[in-house]
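Common to both upcoming complexes is chain A, partnered first by chain B, then by chain C.
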Partner chain A sequence: MIDRLLSGDLPRGRVLSFLVLAVVLALALAPILFPGQRNLDVAARICVFIVLVASYDLLLGYTGIVSFAHTMFFGIGAYGVAIASVRLGTGWDALAIGLIAALSLSAALALAIGLFSLRVRAIFFAMVTLAVASAFQILASQLSWLTGGEDGLTFRIPAVLTPGFRLSEEPILGVMITGRTLLYWGVFLVSASLFLVMLRMVNAPFGRVLQAIRENDFRAEALGYRTVVYRTSASVLSALIATLAGAMMALWLRYNGPATTLSFSIMVDILLMVVIGGMGSLYGAILGATLFILAQNYLQDLMKQAAAATQGVPLLPELLHPDRWLLWLGVLFVLSVYFFPSGIVGRLRGVER
Partner chain B sequence: MAELLSLAGVHTHIGRYHILEGVDLIAPEGELTMLLGRNGAGKTTTLKTIIGLHRASAGAVRFQSRDLIPLRTPEIARLGIAYVPEDMGIFAGLTVRENLVLAAREREIDDRRLKWLFGLFPPLEKFWQLRAGFLSGGQKQMLAIGRAVIEPRRLILIDEPTKGLAPAIVGALIEAFRELKRAGSTILLVEQNFHVARSVGDGVFVMDTGRITHAGRMAELAEDAGLQRRLLGLSLDAHQ
Partner chain C sequence: MSDLSAARTMPFDPWPPAVLAAAMLVPLVWIAPSTWLILTVAGFAMGMMIFIMASGLTLVFGLMGVINFGHGAFVSLGAFLAASVLTRMTGWTAPDALALNLVAVGPALIVAVLVTGALGWAFERIIIRPVYDNHLKQILVTIGGIIVVEQMIHVLWGPDQIPLPRPTAFKGSVGAGDLVFEKYRLLACVLGVAVFAGLHALLNRTKFGLLVRAGVENGAMVEALGYPIRMLFVVVFVAGSALAGMGGVMWGLYQEIITAGMGMEVMVLIFIVIIVGGLGSVGGCFLGAVLVGLVANYTGFLAPKLALASNILLMVVVLMWRPQGLYPVIRQ
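This part shows the complex of A and B:
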């Protein structure tokens, strides 16, 4: 059953299996295990970023395509939902229309970028995606009548998904189930489903061809595979999944702006999460996204406690001051890349082989 | 024998270098045709031109009377032409099974064909689920050839399959080529090892500096030591 659900691609290795299971269980039970608005927000971000990072790994890890336009598709999904909700009113139909429009735009853009530029060398493709993504970000900032400009768009969502909605008047398992909790579980379920779909894709013959293209596209062509068609298909599928992730992000935040989904720093974050988790394994996305977002959100708190605990020791409290959290985040990345050059998943699988 | 593949006056340039300078070659159906020559003679370029990895700048490459030059590599492969490159071209990150499944393209692997292949190359069955990157050199070559024949192909192009392999493995490959011939495959084989060429070749073409300098039957060349020396020099003798 589990084997079929995971398309025969189990995490492999006891430590890795335990870590993946722990993260999935923690995310599934987050509203019960980690109550509080901030914790739930972090858990929702982890769910969304697992999907986003895994969809990027389809490109980078499985097909060997370096793209800088992934946040553009993430942003298109978020803007689709936000613009439709602002313009068409609060309702499921507005969300559906926004989502369909966003998916159509993403598919068309990914297809155009793929067909025009996947025939050229990898570095040129990367440059083209960077240019298109930058242009789109500027466009989103400039078209303020539509996108809200730099301020972004705040919108309302159906009442059943808002904090004001109560499933029952009594707490269930000690937790009051609100619309927000329902929305979180919705985000979790959609993320889990998308992850399983991606797992199915990479373990199907389609995924094997992508891996073959990554290893050597000439060899794949000599076997009769039209590599441009496969690369473009991977590009479009990855863009569509990123769009769905963007829509979930906007729905969760009830807001979208250029800095939330289109910023280049998010692209860098995605790259780091893929590298830290391990390229070419979707389980790497689970561990990479979880570690990164936990560090992003709780490192400052940890440092605050550490600084307090080391009062009186020369230099240490200064170094551990919460304002220096980015420095330590950087140190953590350098260490993780040094000790896990093939990512956490690659390392754990290598150790247990 | 009817000709399955023919090259007439084929010229190929790689960048500004003129590598093939009018190659004329015929591979008759059901035969194993050898393509011999010194290093740098243009043998590999000839195979790559046939499969479309290099585009011929002049001449004709015909497969069953169809012109291959305007076609792209995947289209040529789908006509039933398999190519085993000199570096074997296996996908190291995929398992033996996945490599063979990829070669079968959209079709399921035929069980009888697979059993036949396992008979030809027993290590493929033994290491079925192992990543191909972990195989030995000889086993990788078996996988590379196995991938070319997992589906019946009309023509198999093989580039120096015995290079750097132990004599026992070379012996196994010779037996495999004989079996493939018995099964009716048409093969164009580039080889530096004259012992292999003599053991399996039907027809032979010898190349030098981008041209065919000799065409005939392999048995005749094997019998004529003077001709061997004149055409092939010491480079092949060293490999015997």
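This part shows the complex of A and C:
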């Protein structure tokens, strides 16, 4: 049963299985285990980013192409929900229309970029996506009548999903089940299903072809697989899933702006998560996203103490300043590309063998 | 094979310059001649600065097939170094005397070029050397490199954007009547053309240039003839980083406000330029840079809303026409 659910691709390795199971259980029971607004926020963010990072891994880890436009699709999803909710009023139909519009736009854009640049040379793809994504980001902040510009859009979502809604007057298992909790579980379930769908995808013949292209595109082509078609489909599928992740993010925050979903720094975050977690294994996305977001939220507290402790030593306090946490993750990123390109997942699997 | 024989007898290809000329003349239909001249100078100045930053990158790719996404780090670093030097020399930059100001900009440029060159050497050594022949890792590792350099700029210069004021003699503009040109843009044009001429002479008139050109076309053969292509590559990489640092100083003086992220922002333009020009071609990079600068300025005047998309559009159009860029580099 579990084997079928995970498409026969189990985490493998005792430590890894334990960690993945722990993260999934913690996320599933987050509203009960870690009550509190900030904790629930962190948990929801982890769910969304697991999907986002896993969808990026489809491209980077499985197909071996680097895209810098992943946040663009993330942003399209978020803007789709946000704009539809602002324009068409609060309701499920508005959400559905926004989502469908966003998905169509993402698919069209990903198809165009893929056909245009993957045809010429795979390395073009990285540069072209960087250019297109940055143009899109400027566009989103310029069209302020539609997107709210730099300020972004704040919108309302159906009342069932707001903190004001109570499932019952009595607490269940010691926790008040509010609309916010329901929304969290919705996000969790959708994320989990999307993850399983992706797992199915990479373990299907389609995924095997993608990996063949990653290893040797010339040979894959010689075997009769149209690499352009496979690469482009991978990039469209990954864009669609990123769009869904963006929609969830906007729904959770009830806000969307360029800085929350479109900025280049989020793209860098995704890269760090994929590489540190482990390229070429979707479980890497679970560990990478969890570790990174926990670090983002709690490492800074630790660094604050370290910086205070080293007060007086030249340069060290600046290096340990809480805002410089990205410096250390950047160093970790470079080191992990060199020394363990398969990331935490590869390390853990290697230890067992 | 047909490519190879074409390479041997390839005459000068007049089409790209013709396209550039057309791109310059067509806007005259909508723009008054005096405005057009001002926009052309502005576009040319912008193109020159991008060219200086991009030229090293395209050669580095041509020689070893190394794509350096961290190139922008040198741009940011150059600008910040110049800011540090120039703020210490206010006595030289404040008076409205061209000679004095140039003397002040000189050390700023030299410091920027030396330090970014040295950093380029270290970057090649530490970051890029272990990942030759692996594009995927190159992209990832160089992105990691630029993150670290950006963060180090934050550590050394603080987290905020800082001003990089132009020396007094470069402020304001010259000209009469309708024809008014910003002085700094004219300077940028002069410097850019000088760098291009220098590079052109170096590549076409010296033995070193001959080896570099041969290396771009067929690296294995150059190596087989006993020339150390890796050494050649290191030299080109260092020179390219130094040029990026110099371009960073100029770009910083042009923007007058610099941030640690400016290198990454300008990378977008640099990539468009080297793709449009043809990866590995310095001449193509020059034409591409001018084209990008001009198109950005014309559309910025005619249809400001379109300006941000104009470069992407330009790239799409050029690649539809020539999928390998204006001057495709023929390899092996």
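In this text, the second predicted complex is superposed on the first by the 313 of 353 C-alpha atoms of A that agree within 3 Å, B and C clash if a C-alpha of one lies under 4 Å from a C-alpha of the other, contacts with A are read in each partner's own complex, and residues count from 1 in each chain.
The rule we apply is simple: a residue touches a chain if its C-beta (ideal position, glycine included) is under 8 Å from a C-beta of that chain, and two chains touch if they have at least 3 such contacts.
Note that this is a predicted model, so its numbers are computed, not measured.
In the superposition on chain A, contact is made by A:324 with chain C only, not with chain B. The partner that reaches more residues of chain A, of the two candidates chain B and chain C, is C. In the superposed model, A:215 makes contact with chain B only, not with chain C.
When both complexes are overlaid on chain A, the residue A:193 reaches neither chain B nor chain C. Once chain A of one complex is fitted onto chain A of the other, the partner contacts of A:144 are absent, as it touches neither chain B nor chain C.
When the two structures are aligned on the shared chain, A:205 is found in touch with chain B, with no touch to chain C. In the superposition on chain A, A:225 makes contact with chain B only, not with chain C. Taken together, the chain C residues at the contact with chain A in this complex read 67, 69, 127, 130-131, 135-137, 139-141, 143-145, 147-148, 151-152, 154-156, 159, 261, 264-265, 267-268, 271-272, 275, 305, 308-309, 311-312, 315-316, 319, 323-324. In the complex of the two chains, the chain B residues touching chain A come out as 51, 53, 72-74, 77-78, 83, 85, 89, 91-94, 98, 101-103, 105-106, 147.
If you check the complex, the residues on chain A that touch chain B are 205, 208-209, 211-212, 214-216, 218-227, 280.
Across the complex, chain C is touched by residues 60, 64, 66, 116, 119-120, 122-124, 126-128, 130-132, 134-135, 138-139, 142, 264, 268, 271, 275, 315, 318-319, 321, 323-324, 326-327, 329-331, 333-334, 337-338, 341 of chain A.
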